[in-house]
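Please read through the structure below; I'll follow up with questions.
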Amino acid sequence: MVSFASDYTTGAHPEILKKLGETNLEPLSGYGTDPYCERAKEKIKKAIGKEDVEVEFLVGGTQTNALIISSMLQEFEGVIAAETGHINVHESGAVEYTGHKVIALPEQEGKISALDLSKYLESFYEDETYEHMVIPGMVYISHPTEYGTLYTKKELEDISKVCKQYDLKLFMDGARLGYGLMSDTTDVTLKDIATLSDVFYIGGTKVGALCGEAVVFTKNNKPKHFTAYIKQHGALLAKGRLLGIQFDTLFTEDLYFTISKHAMDMAKKLKEIFLNHGVEFFIDSPTNQQFVIIENEKLKAFEGKVVYTVWSKLDKEHTVLRFVTSWSTTEEDLKVLESCLG
Amino acid sequence: MVSFASDYTTGAHPEILKKLGETNLEPLSGYGTDPYCERAKEKIKKAIGKEDVEVEFLVGGTQTNALIISSMLQEFEGVIAAETGHINVHESGAVEYTGHKVIALPEQEGKISALDLSKYLESFYEDETYEHMVIPGMVYISHPTEYGTLYTKKELEDISKVCKQYDLKLFMDGARLGYGLMSDTTDVTLKDIATLSDVFYIGGTKVGALCGEAVVFTKNNKPKHFTAYIKQHGALLAKGRLLGIQFDTLFTEDLYFTISKHAMDMAKKLKEIFLNHGVEFFIDSPTNQQFVIIENEKLKAFEGKVVYTVWSKLDKEHTVLRFVTSWSTTEEDLKVLESCLG
Amino acid sequence: MVSFASDYTTGAHPEILKKLGETNLEPLSGYGTDPYCERAKEKIKKAIGKEDVEVEFLVGGTQTNALIISSMLQEFEGVIAAETGHINVHESGAVEYTGHKVIALPEQEGKISALDLSKYLESFYEDETYEHMVIPGMVYISHPTEYGTLYTKKELEDISKVCKQYDLKLFMDGARLGYGLMSDTTDVTLKDIATLSDVFYIGGTKVGALCGEAVVFTKNNKPKHFTAYIKQHGALLAKGRLLGIQFDTLFTEDLYFTISKHAMDMAKKLKEIFLNHGVEFFIDSPTNQQFVIIENEKLKAFEGKVVYTVWSKLDKEHTVLRFVTSWSTTEEDLKVLESCLG
Amino acid sequence: MVSFASDYTTGAHPEILKKLGETNLEPLSGYGTDPYCERAKEKIKKAIGKEDVEVEFLVGGTQTNALIISSMLQEFEGVIAAETGHINVHESGAVEYTGHKVIALPEQEGKISALDLSKYLESFYEDETYEHMVIPGMVYISHPTEYGTLYTKKELEDISKVCKQYDLKLFMDGARLGYGLMSDTTDVTLKDIATLSDVFYIGGTKVGALCGEAVVFTKNNKPKHFTAYIKQHGALLAKGRLLGIQFDTLFTEDLYFTISKHAMDMAKKLKEIFLNHGVEFFIDSPTNQQFVIIENEKLKAFEGKVVYTVWSKLDKEHTVLRFVTSWSTTEEDLKVLESCLG
């Protein structure tokens, strides 16, 4: 069975496992104070091209979203997100569990626009009783989005401008950031993101690690006593080396970018295969998540051969499927897929 | 440098890394639904010797404590713990962050007694206005405790009896459970624990895993929709395999017990070394954490050779040090330690 | 100056102040255990016509909403409400502060429909990963709604049926319930509400009291230790008499209904006045909140004479104003209003 | 029956009811924006003798404690209190419900000492892993304490000094502040309190009001958007006039102080009566709460005549009773009490 179900279906990039093995017997201090964490932070700063950023490692995406949002917001503030944003839909209310409302804005292919944001804020502050409403304190965007789409640099600049105008923090969920950065179509660099956002994270779990997300605070704005926040959220690993060694490996000799690029190459070929077989796309995604419309009767052909994710039922006769590539996707995997489209 | 600083200073048992490598390319479903998680659960049930228990995997100790306590208590209920209990002291208020008070009881070498518990509860319910106080809903004990001590079976039975009388859940934090079970002095088995407690966990992080704790619900009392709780707490790994494979390995051919036993053997030898050198013990610990009283002027001898944890300052001239053994402690490590004792 | 700004602009019905005075020197036990609270509860049960309901008094609307929702939901559950529902818009995130998501449904004039509810739930449970989403546990409706509109008995029955089908609690916010019950157009009785909902409250603050809401649990479903919940939320008055005496008064000789009826009579006359002057209505409200569309240039006529609430800007030349009647609205007030309409 | 059970057993001072009646028909804006609230704030500032303080009104004590603590602390911070402090014992975990730990210190007759505080803090920051513990952010003291005792000016100065040294906010719970200020034995003025604390409140509920506490922020440190915090906690009264009018009345012509003085005079006489009858005191309280030791066999004499609070069982033959005076205590009440002492 070949799986395109997601980018977390296989384990870690072999280089990571190798490094975990090599360092296994070194006694290291716990809770993220080991030299591998330090080294990984330095390498990430270099990759970003800004020395004044602060980097912290966390275990998973939902945890990271909840922790960043709750540690950077005042208690009465909420976070603005696209209606389809991960925090608004697929995190079991983890943000609300920390006491903060997710304020949903309309979206276009998973993205919010500076215009909608601006309209919302203008109308919010026109209301004299706004202190009876949840005061927006942050904007959450995912890049790539849950639909694989990407913001352009201009779009990010516009959103960032509105955020500054209304004193909102801009937070980018980069669970799949590598794929976004390696997309042919993007004009957004890691440095752009570090310049335009207040905080973002470089996803590990979905980009070759066993687990782990690298949070980057870009404006000397890491909340004071952030370790206490991490511990309080149950997010501090005793063996912090697990995160340090993984990110140290991912940011050695550009591995993070190389494997992201590989997934993107595979995604392009996968796209071509579908196009060649006349399959229609549900959305024009420039990253490693591809959404195709398949006639229900053709679903049988995949059985026992290829695993995918059912995204939604389009109509009685068609289903939207998601196919995702990753560091471990091979040409052989694609051939198996193609054989199903026969 | 040899480290006795804790049982989480080295990586994972090599068998775990090997298994992670072997399974690395298998595409598996995410979020703990993979066959390794299933297999690990079955093996743990067998090790416990009770088929009707329910097992769930979480990432770390503080996370596990907070999640179990908050998912099993009513909102107005608190959890009783020893003054020195980990949840009361060293978790940055993670339990309170979920809205629940930790009600501290006096302790003897890290343990609470059925008598103190009983007295507290009797006096609590005598107060007519007890609904203005935090209503106790659970008792938290750690076994081994933070001081390495162990409850006897009789002590557990007595505590369990009081819990039943007052309708309290009994929760055992087993972050270092392996060492407790393999101690020469204990009369408590895994099955006893599963019989006497309502919920407990088998610690992985401190017993040979990179991370991971196996929670055991013993009375068909796993909270409904527990996956939603896990997700809401940011504790659900996309690559759930990381936990499944580790516990599958640990509970294959008794590895968990073998490595715990090894650590205990090393602890006994370490104890002897200290005794032979006339070092006094701060507490008589029957497990892998040993607490010794060292004259301050002798601390220099360890420098550059042996790492330990400073537990507390006993008086102006003496310091209490903690030395911990683990799966990776070797005879050579002990020799280096001995060489420091002159 | 005459005020139609809201139904909380004047104090309490004089009968309440009189009773507070008469009982002032009686020493009473605190925290809602006094005989006036008991008496008020009995009278409310009689007014409802169901002896098996349970009544509790709280201080204000937002407090009541947050307390009911958080005490009746599991931690991972959310509450469904109309997009325009008070809990979703005007309570500063009080529900989210207790850890629960408000799941917004589309609304028609402030109401949700059984159909939309049903569609949402069907699609929710079709998703295999629904445990990664906020699981709906309750439906919140306001009656009258924030737009003054009312559910019909049929609509409530249909919503109630869907709730039962999906195991959802039905909670009715009755902050302005008196006006709803006394509306000419309604076919919904207090008994119907007690039969169809799981919990609702009879608003005092907006219906003649200084403060206070009477919560009614209809299915022997009052959360255990509810007093502890109230205290934990900071909602327990030491001088509980303040609530008991007010509701005792309101439910003596049908005062609650008489003053609601008075407000409704005034609302009808106010409506006629606007109609007679050719003013258009923004919404056809059958209760004491009336929404009219006024040309901006005509707003001056109200200045210094009549206070209203600006609801929203309709377009560049028109504003939507809200006019609200209450127990204290007089014919004289209406005459002043009429004089402004030229 | 005469009641000395507490200072909240009777209603409001008649002057308050009178004023509520006189203003009842005035249409006022809601949510604390009315002129009576403004006027009351000004009068309180004058009474304090500092123009730069900020005053806000809340409904009850537990609500006030939870709101102040949670709005002024960072998420990972805890509040230090005496073991016997109201927030640690009698508020159903309301502070923990907001996510913050109450860190209990030893107490002497309800008071904490600067020395104990200092020792705790010194030892806390000596621990290198203090970020794994709850970081103290505030000190909570009650004045009078739960035992009726009072801090001296020197004691407050010493505590305040330690707070400054360790960057802790000092919060005084003044639920019974009037009695403390009017005690013969005190050298602490309202201005001293406003100078030495960061925030405190002037209790209304237990000093002649139906409900209400006046919070005073003393260092231009009122949390930004405090109204949003109040609303989010369900603590904002629509008819804010209820609080404004009461405090306006209490701070007109020194009523607050006059009625507190009256209660203190009554307490002194009550004390004398007990002394004259050879009754022993459990504690030497200088305020309106008096604690006496009564032989169990003498309890019968009070039956049907006098109500008190059972504080605790001293031993098999003696009970500690609490007798409390208030604005409404009369010479006649005292005579009835005396008649029970035979």
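Going by the order they are written in, the chains are A, B, C and D; count residues from 1 in each one.
Operating definition for what follows: a residue touches a chain if its C-beta (ideal position, glycine included) is under 8 Å from a C-beta of that chain, and two chains touch if they have at least 3 such contacts.
All figures in this text were calculated on a predicted structure; none of them were measured in a lab.
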Chain labels contacting subunit C and also subunit D: A, B
From subunit A, the most remote chain by mean C-alpha position: D
Chain pair showing more contacts of the two, B-C and B-D: B-D
Euclidean distance of C-alpha centroids - subunit B vs subunit D, Å: 42
Subunit B and subunit C, separation of their C-alpha mean positions in angstrom: 50
Interface hub residues of subunit C, defined as touching at least two other chains: 75-76, 91-93, 97, 99, 131-132, 135, 228-229, 231-232, 236
Touching residues on subunit C, where the partner in the complex is subunit D: 1-3, 5-6, 8-12, 14, 17, 20-21, 23-30, 59-67, 91-94, 97, 205-206, 210-211, 228-229, 231-239, 241-242, 307, 328
Touch list for subunit A against partner subunit C, complex: 75-76, 78, 89-93, 96-102, 104, 129, 131-135
Interface residues, subunit A side, partner subunit D - complex: 31, 70-71, 74-76, 99, 131-132, 135, 224-225, 227-229, 231-232, 236
